[in-house]
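First chain written, first letter: the chains are A, B, C and D, and each begins at residue 1.
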Amino acid sequence: MKLESADLQKIINGYYEKYKTLKTGHLADYIPELAKANSDHFGIALVTVDGKIFTAGDFSQNFTLQSASKPFVYGLALEAIGREKMLSKVGVEPTGEAFNSIIELEKESHRPYNPMINSGAIAVSSLISGKTFNERLGKIVHLFEQFCGHSIAVDENVFESEKKTAHRNRAIAHLLKHFAIIEEDHIDEALDLYFKQCSLLVNTVDLAKMAATLAGGGVHPESRKQIFTAETSRDILSLMFTCGMYDTAGKWAYTVGLPAKSGVSGGLFAALPGRFGIAVYSPLIDQHGHSCRGLKVLEDFSRDFALSVFSNGVR
Amino acid sequence: MKLESADLQKIINGYYEKYKTLKTGHLADYIPELAKANSDHFGIALVTVDGKIFTAGDFSQNFTLQSASKPFVYGLALEAIGREKMLSKVGVEPTGEAFNSIIELEKESHRPYNPMINSGAIAVSSLISGKTFNERLGKIVHLFEQFCGHSIAVDENVFESEKKTAHRNRAIAHLLKHFAIIEEDHIDEALDLYFKQCSLLVNTVDLAKMAATLAGGGVHPESRKQIFTAETSRDILSLMFTCGMYDTAGKWAYTVGLPAKSGVSGGLFAALPGRFGIAVYSPLIDQHGHSCRGLKVLEDFSRDFALSVFSNGVR
Amino acid sequence: MKLESADLQKIINGYYEKYKTLKTGHLADYIPELAKANSDHFGIALVTVDGKIFTAGDFSQNFTLQSASKPFVYGLALEAIGREKMLSKVGVEPTGEAFNSIIELEKESHRPYNPMINSGAIAVSSLISGKTFNERLGKIVHLFEQFCGHSIAVDENVFESEKKTAHRNRAIAHLLKHFAIIEEDHIDEALDLYFKQCSLLVNTVDLAKMAATLAGGGVHPESRKQIFTAETSRDILSLMFTCGMYDTAGKWAYTVGLPAKSGVSGGLFAALPGRFGIAVYSPLIDQHGHSCRGLKVLEDFSRDFALSVFSNGVR
Amino acid sequence: MKLESADLQKIINGYYEKYKTLKTGHLADYIPELAKANSDHFGIALVTVDGKIFTAGDFSQNFTLQSASKPFVYGLALEAIGREKMLSKVGVEPTGEAFNSIIELEKESHRPYNPMINSGAIAVSSLISGKTFNERLGKIVHLFEQFCGHSIAVDENVFESEKKTAHRNRAIAHLLKHFAIIEEDHIDEALDLYFKQCSLLVNTVDLAKMAATLAGGGVHPESRKQIFTAETSRDILSLMFTCGMYDTAGKWAYTVGLPAKSGVSGGLFAALPGRFGIAVYSPLIDQHGHSCRGLKVLEDFSRDFALSVFSNGVR
């Protein structure tokens, strides 16, 4: 079926009805706060590059960004320091390892493989410049507020919970410092910035707008503001495609074929370049940390309408 | 610049002139026959999905397919045995390792990570069915003749050279047999089939037509014959994108953003879905086994016209 | 208790009685012939460096040497080519990997880590010189006949079974050839020699004499012939200690503390330098390929009499 | 030559004269304080299990223990918590990796491979019990004072230098906490204890007495006090043998054949069970962190008198 002629609201409603009773997956338990989420919550939002919005279910329910923040903070740092310096700090290669792997840092370059895994994202956060912690945090919050079109807050309970239990991320940060990928002296502050970024509260529509901005070459679907350059948007989408789904990136490319990113709190979004962004929120996740309902909706949607970037023009 | 309004012949000529004096790289030396190639040879061909052909340089010079054969034989096997069985034999995940790696076979699944590396491609060749060796080889040759539109031959010198020196590939085949990925009894015959496939002779235009067929959803640009289904074409392009350039796949996605595949003899091709296939032949290769001139032409072309699948619609 | 004052025959009998009803473990199944062994068989033999022999149970039952051959063929090759050349081909470092690992060959040196794992042992076999296959095999057979004091034979059924199913070892041999560790052209012949060596038939007393020769600085306990130099004996014992029990070498050193070697057919032997060799045969093996009864007897014996080389002089 | 009949003082003097002009190696530079050592310093001490002392050169020069402390603190913890609990926290297998590796923690068990590498030693330090930091440090200091026979101090400059730069060790500690190998809450305190232990000041004679205690089954050569049980001493020697020289453990076993341990500050000691301990101090180290002069002296000594534990009784 051609997507052009389809009724998008009806499509979204259909996937919502189909999967609202699906109960597979589990709540994230690696930090206690996330385990308190309501496993019934399920929202879908699609935002076209020209600003049409379609929603279903709990689309206005807030959740923390977690790893869904990574592509955007990467874009922010990339535009500030440029490609060459960025590539000297964080690579662009997929890794067969999980999102929280530390192993690749021991290999030849001692750079994180890519900015979608924790080691890369922590390095990227440390590259956000600013005289004070608050100035740096302010830049990140401002970026996301531009996407959302409203002010956003840090979930302080999630932040504190994350901060307290994140021994693996703390290990990663010290190793990054050891290899001089993180340059600054204050490891604790660098991690706090990363944890704050992960703890920012958005809803499904906000996330879909963020995706739609990338799909639209960096232009916000409503404000029409150029938040990222077209080049940055393309680089982000490219990285999401090869690295966004961690060690299932290849399968995702093969079965869905859209650049996407998930967060362990249950957010999952994808972008069809030139067309739209779509986001799903449902906190029941699989063993890779991806929202189970989110995976189902995107797999169906891509298959039903041949959305893969590799079937473009011939569907 | 918009590609639609560009003069493709002029563009091709421009890249040819720009890089014909480039002498970086070396001739493949892992088999003696390949080291006999003429390092001056340089051909470019672009074929649109509706059959327009643009060429420059030594576009009619024959060379052996080598790894450029892998995506197509994968498609042949995939259509014969189906996705489910294929995924049980060969995965779709990129690996951080080189094209001839054997390490991933020792990991949990004992499956090759993907069909673009040697282990996966050898497994795929062994999946081509047929009562006799010649029947199986016949299927592969027939496939490529449909792409080329003329009869093609095996370079027997390259085949013999490859067969004699391929101790690493032989090791891989025995390990695949050990793990029951290769089911048949005759390892030597399975390898011979793979070496024959790698030794098939094509020219740059042939290769561009193969790429254009994938770009066109499996429909041949000239004969209009549906050689692969649209689904198979999409799956092949998806695999080329995430795995086709081996351990530089991520960088390729980031800097070029087109599904592509290279062969160690100097062929390199890419496809822009819905638009065209492009191929470059030049036997001087870099340390990853990619044609140096080929890389330059494709990097320039993608950057100059924003061809990345992730800038689609917004270039 | 001091071993000097102990009645060795009584001790051996005690362990035999204690463990003859133990049924843990399984028969080796990786080659069909080995799975035909009688799981009740259980023999113990202790031979002192001055030729006293103590036995219990099925000590005259024949079994194939398998990996128990490795230390001795290593000694044969070492004395022929010298330390320097040997170290250029095969290392002396323990590996955390299993006995049939192939991974270490991909690492920096491309040498097998040590001669106790299959890759190292295959490389060592290929270093035995001789104009013909039979001459090379003859050297190996002669070596073992010197230890046993009688003629020995190859179990041709085991040899054929091994040869037919050894795809992993065949993979290893091709990779060794690829990295020029194996120099000769005939991979198949090199492997045949290795399989023949593994298929040589000995009994528990034979194995204990082999161990006693190493314990006695290379001097055979009965014939008083210097089969290996004292240096070679020491090198072999050293390698057995750090690498002989594969990935459980550290635990073995910690709990038993004697140089030892096991074979997958159920033979296990150890040497106390200056004192004796001891061998156990029982074909029920654990997941590491070590004889279960053999482990029990040696653990008890070492603990009961403080035999560890590191408690020497203070027990 | 038989060691029994040799003049030990003359032997020690000989090695001292032979190597005092050797200038190979470099000063440890990973912490600034160690780089301030005097590269001319060179001391040798041999202490027999019955308390005879032989010395040469700068045997009374103080240096920090560094990794030479690891075997002894391991013994202290082992006697306190028992073998079973210890093995659940820290393994006994050699690793092919370097002393500061973090990779093995990601593997199946998440236990450090052994207590001779940093991850294992940090885990061991965290197992020393005590209500306060000072109580725990007091236990460690007391242990070493028993060996030395005099009070010892922490080099506070080295401690501070180590503490400030140890990002890799800090990463290891957080990963150990993540995997619940370290149970206590205060990572910083656990690391401080480890850094203090590494910064304890001893001289070459002290170190030789420590070694002689292990050689004597835990009985101090002078005080005749049983500092460790015979079993603990044997376990420590066993671990030193298989793991003490890190990724060169196999070569060390093959060429020297004595349980040994080195520290990056230039101390190196070995023990011949039942006979003596020997220590060398010289701060010029090789790329593995072993004292270059120390290696030479011990290699010569072992070869000249066939000291390997595997030639025992037959030299």
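As a convention for this text, a contact is a pair of C-beta atoms (placed from the backbone, for glycine too) under 8 Å apart; a residue touches a chain by one contact, two chains touch by 3 or more.
For clarity, every value in this text was computed on a predicted model and none was experimentally measured.
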item: Shared interface partners, meaning chains that touch chain A and chain B; value: none
item: Far-end chain from chain B, centres as C-alpha averages; value: D
item: Approximate Å spacing (C-alpha centroids) for the pair chain C, chain D; value: 32
item: Separation of chain B from chain D, taking each centre as the mean of its C-alpha atoms, in whole Å; value: 55
item: Separation of chain B from chain C, taking each centre as the mean of its C-alpha atoms, in whole Å; value: 48
item: Complex contact set, residues of chain C against chain D; value: 49, 91-96, 104, 113-114, 216-217, 230, 233-235, 237-239, 241-243, 247-251, 253-254, 257, 259, 273-275, 306, 308-315
item: Chain B residues touching chain C - in the complex, by the definition given at the top; value: 101-103, 106, 167-168, 170-175, 177-178, 187
